[in-house]
Amino acid sequence: MSTWHLINAGLLGFMVAVAIAVAALRNLFAAVMLFAIYSLSAATLFVALDAVDVAFTEAAVGAGISSILMLATLAATDGREKQHRHRRALPLVLCLALAVVLFAGLHDLAPVGDPAAPAHVHVAPRYLSETATEVGVPNVVTAVLASYRGYDTLGEAVVIFTAGLGVTALLGGHFRRRRSGKNGDV
Amino acid sequence: MIAAAAVVLVVSMAMVLVRALRGPTLYDRILAANHMGSSAVLLIAVYGFFDGRPEFLDIALAYALINFIATIAVLKYFAYGDLGAAGVREERNDA
Amino acid sequence: MARKIAFAGILGTLWILLSGHYSPLFVGLGVVSVALVTLMVHRMNRADGTRYELRVRWLAFGRYVLWLFVQIVRANVEVARLAFRPRLELSPRMVRVRALPRTELGRVIYGNSITLTPGTVTVHLDDEEVEVHALTRESAAALESGAMGRRVAELER
Amino acid sequence: MPDILADLLLGIGILFTLAGSLGMLRFPDFYTRLHAAGVTETLGMIAIVTGLMLKTESSGTLVRLVFIGVFMLVTVPIASHALAKAARHGGVRPALREEE
């Protein structure tokens, strides 16, 4: 077992432990902090898998922005999870079935870093060899996202922007009311 | 030694994770998350050298920034119950 | 205005140091980012209006950093020994120490130096005194001797 | 020679990192754990980052390591203080021992 395996196993273990703890916890503030640790383990794991750009996004969005967004949500709602009264058998069966399907699919995945993997033989070689002359950006992932798949990325950005606008429209009034009430007290 | 450092950092992160899972107070968990963030910054930096690709330091640097800002934002929330409050000024007016 | 230019200069230097690419596209992107951040900070300053003066004796500050480093190493060895000992020998306590530095900046340096040395953490800091949580009787005593406070007070001008 | 020194520094760094995490586990209450966390984040961090500095030849890497080190030294005490203050504000009582 190499160092690489040890690090990966450790980080994956963290994620499993945190996921179980989050499911068991009733205090939602504690769950948010554990989610931050979850994202952090994921980001470090992406670094170990050489997916630097994904790690960057995970660190910024997962550990930074989402914890703050989740806290803002808790500020507008309640800090404790309600006790569930319904049966849990059906969700459990569904989850187990999904797990079985995923494990079956795991078999068909190419090994990490395999140059013959389908993802690496189709358009990837062209991106790698032509980015420098066609786009002129040193980071190939940036070139793929912003240029080769520019319209795709634009669509994503529009979706996220719309979602953000919707959330702001729904929550903005709530927070403004709260704050003005607070200043009135002081 | 680099490999040993990486492994020890993972082990020490595991120890801190135990603290995060056990709590008992919320602040213990925030401290553990912050501390795991610092360890992760070191782990990413060390791992970059282990892998022979020190460019990974950019992520370590970004993570150091995010870790700090997230911790302060979380604490600000707990101190004022509101992320938009101008905490410092309110306190100065009180004093 | 001079502040804004200095701020933009620092940001620009940071960009160049971290980027390492000097093609027109990247330098242009850098200029745009720096201008945007400067504009945002300008507007934030207008919103909260606080200004902080960084006036210390820089040579003395360098000496102080060296001294502080030695203190940090000592305190680290002390706390690490406590953590490795089979029996925990902690005597945690809260102490109040008179804050010697007069200026706001001096007190901030003082409070941060206390926190930076393991074994002592500043819990509260106001105009007269600092309230510190100390891990052992020794770390509390070292703080109460006031050596650090006097050294920080010497930095002020 | 710099290589031996770098390994030595890394060794010191992981020793203190381990001490900090062990303290996080063993120390009895929140405030004492805060001190333990400080061990990893000050000397452990300084030793590891300096050790890595000695292992690199590229100036870009060096600059980044310096930034990481300086930035953490500036932010760690602020975060610790904010945590301690918030915990007190939030009603966490320190376990004290006043024997005199």
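Every chain is named by a letter (A, B, C and D) in the order it is written, and numbering of its residues begins at 1.
By definition in this document, contacts are C-beta pairs under 8 Å (C-beta built on N, C-alpha and C of every residue); 3 or more make two chains touch, one makes a residue touch a chain.
Predicted model only: the values in this text are computed from it and were never measured.
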| item | value |
| --- | --- |
| By mean Cα position, the chain sitting nearest the middle | B |
| Higher-contact pair (C-beta pairs counted), C-D versus A-C | C-D |
| Computed distance of Cα centres, chain D from chain A, in Å | 28 |
| Separation of chain B from chain C, taking each centre as the mean of its C-alpha atoms, in whole Å | 18 |
| Euclidean distance of C-alpha centroids - chain A vs chain C, Å | 33 |
| Residues of chain B whose C-beta touches two or more other chains | 11, 13, 26, 30, 32, 58, 61 |
| Multi-chain contact residues (two or more partners), chain A | none |
| Shared-contact residues (touching 2 or more other chains) in chain C | 18 |
| Residues of chain D that touch chain B when the two form their complex | 6-7, 10-11, 13-14, 17-18, 20-22, 24-25, 30, 33-34, 37, 40-41, 44-45, 48-49, 51-52, 55-56, 58, 61, 64-65, 67-68, 71-72, 75-76, 78-79, 82-83, 85-87, 89-90, 92 |
| In the complex, chain C residues that touch chain D | 17-18, 20, 72-73, 76, 79-80, 82-84, 88, 90-94, 111-113, 115-125, 133, 135 |
| Chain C contact footprint on chain A (complex, rising order) | 136, 138 |
| Residue ranges of chain B touching chain A (in the complex, touch as defined) | 3, 6-7, 10-11, 13-14, 17, 20-21, 23, 26, 29-30, 32-33, 36-37, 40, 43-44, 47-48, 50-51, 55-56, 58-59, 62-63, 66-67, 69-70, 73-74, 77, 81-85, 90, 93 |
| Interfacial residue positions of chain C with respect to chain A in the complex | 21, 23, 25 |
